[in-house]
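After this come two complexes, each holding chain A, first together with chain B and then together with chain C.
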Partner chain A sequence: MNLFHTKYLVFLILVLFAAFLPMYIGEYWQYVLTIAFFYAILAASWNLLSGYTGLFSLGHHSFGMIGAYTSTLLMTKAGIPFWMSIPAGILLTMLMSSLMGIMCLRVSGLYLALITWAFAEVARNYFRLHYTFTGGDRGLESPLLFGTIQPTPYYYLFLGLLIATIILIVLIMRSRIGYYLKAIRDDSIAARSMGVNIVRYKIFAFAVSSGLAGMAGAFYGHSIGLISPIMGDFNEMAMIIIFVVIGGIRTMPGPVIGAIAVRILMELLRAQSEVRILILSLLVIIIMRFFNGGLLELYRQIKQWINKDKNGGTSAYHEIETPKQGES
Partner chain B sequence: MNNKNNILEMDNVVKIFGGLKANNGVSFEVEKGEIRGLIGPNGSGKTTLINQITGIYDTTEGHIRYKGKKINGLQPDVIAAMGIMRTFQVARVFLNMTVLENMLIPAFTQGQSNNEANTRAEELLDFALLSRLKNKPTKSLSGGQFMLLQIVRGFMRKGLELYVMDEPFAGVHQSIKGIIIKSIKMMNQDKNVTFLIVSHEMATISSLCSKVTVLDKGARIAEGSMKEVANIPEVIDAYLGG
Partner chain C sequence: MDLHLFSQFLISGLIMGVLYCLMSMGINFIYGIMKVINWSMGEFFMIGAFIQYLLLESFIGAEYWYIGVIISACAVFVLGALVQVILIKPMFVGIIEAKMEYVTIITISLAIFLRNLALLIGGPYIYTPPDYAKPTQLLTLPLSGNRLVAFIGALVLLGLFYFFIKKSWTGKAFQGVAQNRAGVQTSGVNVLRYDMLAFGLGTALAGAGGALMAPIFSVHPLCGLAPTIRGFEIIVIAGLGSIPGILVAGLLLGFAESLGSAFISPSFVDIYGFILLVIVLSIKPYGMFGKAERTV
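Coming up: the complex of A and B.
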């Protein structure tokens, strides 16, 4: 139980740190971190669907885009206020992803990845080609939520959304539903035979994770002031996967740490824009080869190494990790 | 046929995969409280039959009735909720969850309270000598322990009435086999759980089951005590390939 307490304490300290941070950093970095929080929400919610539940979606980014366009279009074309247009964006993404979930019930792995990718391409091209309505590639101006481009209120908004997302996912994963999602990922046939209604929980995973993406997307549009079909570009999806994998898939902090760390790294390398993708790619290769559990695995290994030193070669972790005879 | 004591009735069950008739009109009944053996050479349709009883496959023709109610075509989770648990030939456990978490799944889907589920899991893990591993990741277990965990996990379901097991003794160490046999006998005597056990281990089946059903080429060819069926020419033919 102690371990959980430590975890909560670390979480609380990080939240407080993030809350006071804008006092010490300029507007530019506040903006950078706001965007990082947006991606952290996408990464954490993708981790719920593809990490914990094992439904490997390549269409997650498009739900961010759909949420953004729905809310912005409802506001600009129908004159609906924020407090209605944003929930409408979330609801529509949940509905669309539930339908996709139903369509994908019998497929998994590569086939699921391809269907979700195709869906994302359809959505992106709809927003590109139906330009009289959506603004096409030129993009669409989105009303600003706080009426200003000054980033501080948006920083706090996305910090709040990220915290809410993390808490929601933790609550889900610690509830019985979390057990079912993990069971479905490990062995869906065994899960069904143990009484898990996999139809219900697969759709649940799709709806909740996409709803979170839709929420992040809707607020993102109203924070940036301009949305475009670039949000639905496949590169965006690749970045989400990179954030999760670098941070640590199937861990709670991993995707958040991955998204924030990589976004900051990319900003620091902005002056060398040609080499930054090279450095990022090398980082992915190194992490995949040596710590395929991501940064959290690296942290665990360092901790293990320190413990080993302290205990004269015997580590508490060692005992758990060594016996692998049954893995074949 | 419609004996009230029958918990499970197979009525002319046919299963066709493309051009292959895996089950060709199988009919037999299992009485409540029985430990029934289901034997037959490789490819005789035993696993296909089990997969139809537990909802993994729908039947092509015929009916499967559980306590008088047709169950073929129902989803596996619905069938599980009716009190039928199963194990798989290659143990299907949740590798990335802990041993204890594996045990909790069938209890949770049934709506057992945390307290009840945990107490029950501790008891069963104690019985299976898996207690000290309860918080370890399941993937750190051995192959025999996978099978054992898979079997005791099924006992987590309260009101379990029929337990269908596919090769529960295959490839497990003698000591683990002993625990499995003990658990089957105990649940049968104490809780009146009915068992339908597919196995190639004739000696074990002979000591455990008063009655066995023999399948060959997708059809039932014999039924009776092990001693009786062992002397039936069709059974000898099926096994010796005559």
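Coming up: the complex of A and C.
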């Protein structure tokens, strides 16, 4: 593995840039970027589950909500400190998503999407309707992690979480497991005949990606100070899909770039808050309809058009996914 | 609990079950022909309800509601056919790698788009159209006239649809497309045109449902959500692509919801359907009447 590859250098420069950024921008934009990092974690982990492994889940946002509620309820009702309640939230989401994975093992494709969607709606309705315990639509106040609403520490917290998530996903996708996951997506029967334990790795993909979502949700609750069933609204799932599709599905940097870029765009369009979702959903339809690979595909096409390079592949992920000789 | 109240819950379950069937019939029909799930079904339901409300309030009076149902179904049919031609057709003529993913993302974005468009045009208000009929009585049981009308309307629509599919030439061509797309092309059926018709018809069923149920569910940008959830639950319980299964599962869901809210707690009414779904899926993973799809 060549550590001085261009990709690592760009990643390092971006991390350094993000680390020094809070000195130059105001608290408002730090807050905006914190939220953007939260969504970037959700988008990247959804990409692991649905992009790379091909398990098209529509319940990813609800795992973030479950993580947030678990951690907050444990703290406020049972008086458990942070360092135990947040791991408890992550463990519970991993457990629930593993159960979901087991339930979805025998089904694929559309059934999986339908079942995860039904699960997400039920989870949201549970938190809405059982209001004596969860606070219902009014929301639930969550204790702040650093005891302050000043956004700078939360900015660094979520930056760290995002970097950890990216590194974890890159490590998984570069290891043997990553090839198993991609094999499951491409042809699960062929994968099984080659000796891949598809039961184990499907559940693994569910548990890891939902655990990441639960972690992001738990920390999100403790940084914002208020959680509500809005986190489990279907619009949130649609936003995750929008981020991933705009950035480029099945690419490593795509979801992260998509999430951060779209969140910043949404803040700039805050004055026209009714039309921004309209514009974004229209954008996704156009991207899916005409360039089936998001921003990165557009970039690749432009690059190809400039170079007049004739030996381009059919889509963006061939370039990124194919392991180069001597790299891994 | 006495028998009187119990039978009232049974009847309410029966009525709601048939109404949910109408919704899932459209989803199931589109799946049967094109093998895709239309996630924006609830938004077509909402558009049907909005058109009906506009018609009743400003153009035709409340007494001609049945004409309004027909007009809104036709309007939604045209809209659905347009959506199919512009957005879904490339799946069959263009080269798209992950077809399931493409349709899911496109229809979800379309749902968000239409929902927010309705919010932009209509505002976050809840509109209530005039009642279709006065409250009536069935023997000794009081019964809401709107529900009775919607129940009868849904039965009529389901019956018409069934006869259309089973008896007419077009319906037989639809059966052929559902069974074997390549084979039916050799006998001169233009599959792409039937795709368009099927998408239009499926969404028109949802639009007619929205127009029929407008006084029950009210008219607002999210009014299609609850019926769509039930519609999806029903087709998962029944198994994709099974018409008698949908009737059984719809009634089962209606009874489960009304009896659950009677005996357990009315506030968790959205969860009973999912519990039923989990029970069915853990016994038969492809639904009660579904066939295992080929996993290649």
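FYI, the second predicted complex is superposed on the first by the 304 of 328 C-alpha atoms of A that agree within 3 Å, B and C clash if a C-alpha of one lies under 4 Å from a C-alpha of the other, contacts with A are read in each partner's own complex, and residues count from 1 in each chain.
As a convention for this text, a residue touches a chain if its C-beta (ideal position, glycine included) is under 8 Å from a C-beta of that chain, and two chains touch if they have at least 3 such contacts.
Since this is a predicted model, take the numbers as computed values, not measurements.
Here chain B and chain C are compared by how many residues of chain A each touches, and C touches more.
When the two complexes are overlaid on their common chain A, residue A:302 makes contact with neither chain B nor chain C. With both structures placed on the common chain, the touch criterion links A:191 to chain B but leaves chain C unconnected. Of the two partner chains, neither chain B nor chain C is touched by A:9. By the document's definition of touching, of the two partners only chain C reaches A:241; chain B does not. In the superposed pair of complexes, A:180 makes contact with chain B only, with no contact to chain C. Touch criterion met: A:125 reaches chain C, while chain B stays clear of it. The residues of chain A shared by its contacts with chain B and with chain C are 187, 189.
By the touch rule above, chain A contacts chain B in their complex via residues 176, 179-180, 182-183, 185-187, 189-199, 250, 320-321, 323-327. Every residue of chain C that touches chain A in the complex is listed here, in rising order: 31, 37, 87, 90, 96-97, 100-102, 104-106, 108-113, 116-117, 119-120, 225, 229, 232-233, 235-236, 240, 267-268, 270-271, 274, 277-278, 281-282, 285-286, 293, 295-296.
On the chain B side of its complex with chain A, the touching residues are 54-56, 75-77, 80-81, 85-86, 88, 92-97, 101, 104-106, 108-110, 136-137, 139-143, 145-146, 153, 157. The touching residues of chain A, when paired with chain C in their complex, are 50, 56, 58, 103, 106-111, 113-115, 117-119, 121-122, 125-126, 129-130, 187-189, 234-235, 237-238, 241-242, 245, 249, 274-275, 277-278, 281-282, 284-285, 288-289, 292, 314-315.
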